[in-house]
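The two complexes that follow have chain A in common; it is paired with chain B in the first and with chain C in the second.
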Partner chain A sequence: MALSNEQLERYSRHIILSEVGAKGQKKILDSKVLIIGAGGLGAPAALYLAAAGVGTIGIADADEVDLSNLQRQVIHTTPDVGKAKVLSAQETMNAINPQITVNTYRQFVDASNIMDLIADYDFILDGTDNFPAKFLINDACVLAKKPFSHAGIIRFKGQLMTYVPDKGPCYRCVFREPPPPDAVPTCRQAGVIGAMGGVIGSLQAMEAIKYIIGKGDLLTGYLLTYDALKMDFRKVKLPKVSNCAVCGDSPSILKPFDYEQAVCKV
Partner chain B sequence: MKLTVTGNVKEYADGLTVAKLIELEKVETPLYVTVSINDEFIASGTFEETVLHEGDIVEFLYFMGGGQR
Partner chain C sequence: MADYTIDETVDITDVVCPVTFVKAKVALEELEDGQVLSIRLNDGEPVQNVPRSIKEEGHQILKLIDNGDGTYNLVVKRITLEDQT
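Here is the complex of A and B:
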């Protein structure tokens, strides 16, 4: 289907790019991206993906908007406090771009529902705050052969990597298994600078767009780390691990499972 | 000997182990860091016995949560 005049105008700054063009913009309009976690990472990613015209955006989060979220979760506004994050996010995305479909999943993502959840999507974005969820998303995406972007942020630091099926290491290749509860500080305990979510979440959106249009090099086989205080971006090469429990040659993980959720002691 | 540690070339004592380097570099979560030497991960139980050599390129990779809440 040809782009409408309204679409030609709305996406003109994309279409003028030789790497995108009308062809690439149509790919974006036809794409489906799932964002797990409507928080510090998911918020900016959702804004850019909605604005870009990603045709179907799924957003999963069980929480409500809290006043302490607003310092970084830029998709939610002060009147949204107390509202389900997925609804607040949906309203903002549709206000930016009424042409896209936003599917909301107001639920915790766990082993019982993740395979169904990711099945319909082309690319998954991990915007979760805890390690059990990050390993669950990794395992499910590896098993379902779905590309996804992992990211984490804390204090003045952030990192991300992109997994593409059959091409490169997965999150479990690097980190094996979650650390024990409270062994590693979380944002709630340690704090995070708000703009860090903007930097890293926007990079996740950029990876999704590049994957969709099929242009450029993805962060596959690399972990990008960002230290804001040192103003240092580094790409660290990641070897693929042949004995990885989920993506290795003889995997022991054959279906997704839940690790015990860490209870935050504040 | 010279090592490249997280992108910086520095002088270290010969015979340095990964465990000692983790201590020298004040790695924040020494028990839960992933270490690569020359683009190969080293097993987490072997930091004490793994000796570094001139020219080795060492990276520390950290668990990072954050995002949702």
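Here is the complex of A and C:
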């Protein structure tokens, strides 16, 4: 389908890029991206993906907007406090770009629902804030052969990597098992600088866009770490682990499962 | 007599800069290498800028025809660019 004059104008800064063009923009318009977590990472990622014209964006989160979220979760505003995060996020995305479809999933993502949730999407963004969810998303995406972007942020640090089926290691190749509950503080306990979500969540959106248009090199086989205080980006090469429990040669994980959630004591 | 055949036409008089160039570029993208596009564009800024931008993209300008009604027809041959896949 030809792009309308309005679409040519809205996306002109994309279309004018030789790596994107009308073909690439049409790929973006036809794409479906699922964002799990409408928080510090999901908020900026959702804003950029909506603005870019990703035709269908799914957003999953069970929480309501809290006043303490607004320091970093830039898709929500002060009048949204108390509202379901997915609805607040949907309103903002549709205000930016009324031409896209936003599907909301107001639920905790767990082993019982994740396979159905990711089935319809081309690319998944992990914007969660805990290890059980990160391993669950990894395992489900590996099993369903879905590419995804992992990211995590805490204090003044952030990291991300991209998994593409049959290309490079998965999150479990690198981290094997979640740490024991409470061995690592959550960002609720430890704090996080608000702009960190903007940096890392925007990089996740960038990975999604590059995957969709099929241009450039993704962070497959690499972990990018960012230390804001030292202003240091490091790109660490990661080997694929042949005995990985989920993506290895003889995997023991054949369906997604839930780890116990750490109880937050704050 | 013209030594070319027009394969496709596009009218960019209904949009303003920078969408004029974007619309022309998109129409060129959809052609095959060597095909010819006739672009109807307005006098003024479009006729000053669009031909230059198209030339910068590597396409070949064959002719600019003054329609005498404040519009022009710019005839362009598509040249395949590097990294256009």
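Simple rule for what comes next: the second predicted complex is superposed on the first by the 266 of 266 C-alpha atoms of A that agree within 3 Å, B and C clash if a C-alpha of one lies under 4 Å from a C-alpha of the other, contacts with A are read in each partner's own complex, and residues count from 1 in each chain.
Here, contacts are C-beta pairs under 8 Å (C-beta built on N, C-alpha and C of every residue); 3 or more make two chains touch, one makes a residue touch a chain.
Everything quoted here is computed from the prediction, not taken from an experiment.
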Which superposed partner A:Ala22 touches (first chain B, second chain C, both, neither): second
Partner chain(s) touched by A:Ala183 [first = chain B, second = chain C, both, neither]: first
Contacts of A:Val236 with chain B and chain C, given as first, second, both or neither: first
Touched partner set for A:Lys157, first chain B, second chain C, both or neither: first
Of chain C and chain B, partner touching more chain A residues: B
Which superposed partner A:Asp129 touches (first chain B, second chain C, both, neither): first
Interfacial residue positions of chain C with respect to chain A in the complex: 14-15, 18-19, 21-23, 25-26, 29-30, 81, 83-84
Residues of chain B that touch chain A when the two form their complex: 6-7, 29, 31-32, 34, 36, 39-41, 44, 59, 61-69
Residues of chain A touching chain B in the complex: 37-42, 61, 63, 66, 69, 126-131, 133-134, 151-154, 157-159, 173-176, 179, 183-184, 186-188, 192, 197, 201, 223, 232, 234, 236-239, 241
Residues on chain A engaged by chain C in the complex (per definition of touch): 3, 5, 8-9, 12, 15-16, 18-19, 21-23
